[in-house]
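One chain, subunit A, appears in both complexes that follow, with subunit B as partner in the first and subunit C in the second.
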Partner chain A sequence: MLLLQLIINGIQVGALYGLTAVGFSLIFGATKIFHFAHGASFAISAYVFYYLYAVLLVWWPISILAACIVVVVFGIALDRYVYGPIQSTDGSFFTIFVGSFGVAVVIQNLIGTIFGRGFISVPSALSKSVELVPGLYVAPTAGIAVVAAVTCFVALQLFLSKTNIGIALRALSESPGLVRTFGLNPRAVSTCAFALGSVLVVPAAVLTSMTSGLNAAIGGRVMLISVAATIVGGVGSLRGAACAGLLLGIAENLALWRFDPQWSEAVTFLILFAFIVLRPSGFFGRVVTS
Partner chain B sequence: MLLLRKVAVLAFSLLVSSAGRASAEDFRIGAIFPLSGANADYGDLYMGATELAVSHLNDAKFLGGKLSIAYEDSQALPQQGVIAMNKLVNVEKVSYVLSAFTGVSKAISTTAARSHTVAVNGGGVGPDLAELGEYFWNVIPLANFEVRAMAPYLVQKRGLKRFVLVYVDDPLGQSIKRELESSLPSLGAVLAEALSVPSNAQQFSGVAARVRDAKPDVVYIASFGAQQSQIIKQLRDNGVTQQLASYSGFAIPAIASLPEAKGALFTTQRIDWNSGDPVTKRFTREYQAKTNRAPTAYAANYYNAVLLFGTLASALQKAGLPITGKNLLAKRREIGTFDLVGGRVTFEKDGTIRSAMQISEVDGEPAVVEIVAAP
Partner chain C sequence: MFAYLVNLATLVCINAILAITLNFIMGYAGIFSLAHAVFFGVGAYVAAFIALQWTDSLLLQLLAAMIVAGLISAALALPALRVRGDYFVAASLGFQVLAATVFSEWKSVTGGIGGLVGVPPASIGGHAFGDPVEFLGLAAVTLALVVVLTTAIVRSSLGRSLKAIRDSESAALAFGKNVALIKTLSVFYSASICAVAGVLYADYLGFINVESFTIDASTLFMAMVIVGGIGTVWGPIVGAVLLTLLPAALTYLPFLPRTEIGSVQQMIYGFAMVLLMIFKPDGLMGVKRGEA
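Let's look at the complex of A and B:
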């Protein structure tokens, strides 16, 4: 029963990892910007939801919508006012990374100043597990996490394949020049990538605020998982990032079956290391030859 | 021109040295607290108490000059603690430093010993802290005493014999594990499972599954800061209904206000907040007024640590001796017993104190359920 419990826990955690990883992968794949502040987006949306829903007692759909709006504005503002100016000079990949890292640190400290650096959580009956069969506990949040992940992923795939802006996004990752040739502005398409990638963290942020709770430094962990899932899944592959997020969540929990909890995080990096050595292109990434 | 430059340098040097003499009556001690990161709640709590003690000493003109504290942020990380300690010793030139957290305290102890700087811990409870040399003092009973108070209570008075330990893998957690392993068999109890978690872990649903699988009567949590709140919440959310117990790490407002922590038991040193002794009475009244929260053992410890410096420095002044780490140590050994918050305290030879312990239950504000005499 312990094994089954760990698999179910892993699916719930993996679904949330997948959602955050897909957002990061979308932005990185389309714009080649190492958006380290993706973790900050997660923290912002989680704290906005917490403040509205748990403190001001705003109706939950409105709270989630507000979290979406704030995080999209944050993502677009970063693209326009931080990454854009750096790219318009001779900003290297590393300069952009440092800029993004700086923003993440500032946001973490701002959140700590405003909300305190301690632990907070959104009280919800949805996070309370019920015993389905003897010894097997499942919380409603587990089902919501899986449904939210599948829905978001399917909706994203449809958007990328059926809409003009979605196709432009895919084209941007291939060739910004080609996007310009077709009369589109790569900067506008990039902004769209940031808006989409940012909004994808909201379901995971909301569910995390209910299940494991929040602290000001939570963005760092989110970022770590997103990068690992993006590499394991194959850089630029959204399907790969989603599957890798799920794999990491399940592996992290399954490690508990035989090892101490302190080794479960090491499993993430063991998988990452194995992929880098044995399959550098990841699950679904393309092999690049020079 | 060269002569003029030399005169100017000489004049500037004289000016600087005379300025130094003018402020020589003022005193500065150091404090290495977690002021940012996941454990900043503790730093905030400690600072409320140290600032109150400083204002009490300065208002009473206890020392010849004004006392102030140079705060450095350790983030509760040993590496940051060492950087802070080096700055306090080499730049600020302090002879007395307040320390917190077991890992940080152990890391700074070598610098304290080498530079003959007194380091006083009021928050870390790892038993190893009793073995860090003569310049390292503890104004808090260490975790071995806490476990020795809690384990017999749980076994004999509550009838809970099967323990599971969830501990952060650091010197504190490891020492609590050792203490439980050695003390439970003699009580007729068993440590069924000991699950170590890294200090930055935030996901504990899997840990809860392991805890449930071990079928414990009681779950002892040895973590701190934001993480221990996350452990409690996730254990409760994931079907762990058994009694929770811990050490003095639970004596913070964040735990008192966490609904899932209701009913959890934890140990601290015995302090009667309604005591009639004037030091305790004044601290209790003014701490509440200043910080708008109930006093805790941690706050009392850091208030005591500053008060201890005031007492020793004042005695050295009266004896016409400079306030150095060496002289502070000699004076502490000479005086031996001090009137602090919580009553009269005597230092052991190893620089630690022993006191009666109390077991409290989280129920909004913690309520004392048992008092255990000093060992």
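Let's look at the complex of A and C:
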């Protein structure tokens, strides 16, 4: 029964990891920017939600909406004012990585200064566990996490395959030159990728604030998981990132069966390490945007 | 005041060694490691453990720390051989996180979160370096040796091979360079000299715990290299001086609460990294690419 409990916890966590990783993978696939500050986006939206909902007692849909708006503005601003200028002079991986990493460091410390470095969590009736079968506890948040992840993923796939902007996004990941030839502005498409990729962290950020809580350093953790899921799933494959996120979540929780919780990040790393050494192309090989 | 300055100068020397060794793999081999604090920590823990259990002989501690760090560097060399750039940064980040967990959990060796306390001063041939000024001399001499050795390697055929691999791995391979061996050797060198800085650190402070060897430390070392100028001889040293003196300078700002100095410092260098990448990606001491 403990095993089943751990698997269910793992699915809850993994669904959210998958969603965050899909956002990262979408940005990376379309713009080739290794967006290390994706974890910072996560932290920002989580803290905005926390501050509005738990401190100012704003109605929850408005709090979530505000978190979405702030995180989208953050993503677009980064693209416009940090990545854009860097790409126009020197687009090497290294300069973009350092710029992005610098942003992540600044945001983490800003949050630490404003909200303190301790753990905070949003009190909510949704995270109270109910005993489904004897010995098996499930909170409503688990169901919400899975439903939110599946809904967002299906909506994203529809968006990418049916709308013009979605098709342009996929085109940008294939060939930026050709996008320009067809009269589209790659910068505008890139802005769109950042808006979409950033907003995908919101469900995970909100639910995490209710379940396991937040601290200022959470961005770094999210960043590691997103990057790991993207690489394990196969770079450029959204389906791969989602599956790998789920896998990492389950593996992390299953590890609790035998090890102390502080080793959960080590599990993530070992999986990543194994993939990098044995199969650097990930689950889904070199499929570009599934 | 004099003691304070000696303390700062010693820390500058230690950090400069760290920045130089990180610059060696970042600037010349193109391996962007976020796990440099791991080897710093390994050096410090090995030295402290040996000093507490067996001997205060500095040379023995150095030898042991270099060997252990060099062996562990294989864990970094392996992914570096398989993937480049972004992927490797992710792998090194994960390695750093794993190592920090080991440092804080392996209580019988590392003393857990509390760390190792009361490390006796190191000695060479029976002469103990207990006096801070003498220790500064030791650190400065070590720094000078590291600068000379690293510069010599960079200018040797190994250094030229490294730069060739950084600029084009396939071209270097086509010219018959043993890319795998050269990369492994450079990571080995970087890690073992980095451990030397760790030994000095443990012997100097007499107290170490995991907080000095976390991802924050790795970030700081990377910031030193980047701010100073990657792939240059003086860049990492300039970066180490600036970023080591920054927190000391911040304490002179009266309106800043003491508890926030750490995060203000991180915000400043995080911001400096962003601005540098936008306006001067080669760092303060940087030269145009291709001339280096």
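One rule holds for everything that comes next: the second predicted complex is superposed on the first by the 278 of 290 C-alpha atoms of A that agree within 3 Å, B and C clash if a C-alpha of one lies under 4 Å from a C-alpha of the other, contacts with A are read in each partner's own complex, and residues count from 1 in each chain.
In this section, a residue touches a chain if its C-beta (ideal position, glycine included) is under 8 Å from a C-beta of that chain, and two chains touch if they have at least 3 such contacts.
Model, not experiment: these values are computed from the prediction.
Applying the stated clash criterion after superposition on subunit A shows that subunit B and subunit C collide. Contacts of A:44 after superposition on the shared chain: neither subunit B nor subunit C is touched. Of the two partner chains, subunit C is the only one that A:227 touches; subunit B does not reach it. Contacts of A:26 after superposition: neither subunit B nor subunit C is touched. Once the two complexes are laid over each other on the shared chain, residue contacts for A:276 go to subunit C alone; subunit B is not touched. Using the contact criterion defined above for the overlaid structures, shared-chain residue A:97 touches subunit C, although it does not reach subunit B.
By the document's definition of touching, both partners, subunit B and subunit C, reach A:109. When the two complexes are overlaid on their common chain A, residue A:168 makes contact with neither subunit B nor subunit C. When the shared chain is aligned, subunit B comes close enough to touch A:131, but subunit C does not. Contacts of A:2 after superposition on the shared chain: subunit B is touched, whereas subunit C is not. When both structures are laid over each other on chain A, subunit B collides with subunit C only at 111-119; the other stretches in 21-29, 39-47, 57-65 or 111-119 stay clear. Within subunit A, the residues touched by subunit B in the first complex and by subunit C in the second are 109, 112, 260, 262, 265. Subunit C makes touch with subunit A in their complex at residues 32, 78-79, 82-83, 85-87, 89-91, 93-95, 97-98, 101, 104-105, 215, 219, 222, 226, 230, 260, 263-264, 266-267, 269-274, 276-278, 281. If you check the complex, the residues on subunit A that touch subunit C are 34, 82, 85-86, 89-90, 92-99, 101-106, 108-110, 112-113, 220, 223-224, 227-228, 231, 260, 262-263, 265-266, 268-270, 272-273, 276-277, 280. For subunit A in complex with subunit B, the touching residues are 1-2, 5-6, 9-10, 12-13, 109, 112, 116-119, 121, 123, 127-129, 131, 135, 137, 139, 211-213, 215-218, 221, 252-253, 256, 260-262, 264-265.
By the touch rule above, subunit B contacts subunit A in their complex via residues 36-41, 169, 195-198, 200-210, 212-213, 225-227, 229-230, 233-234, 237-239, 254, 259.
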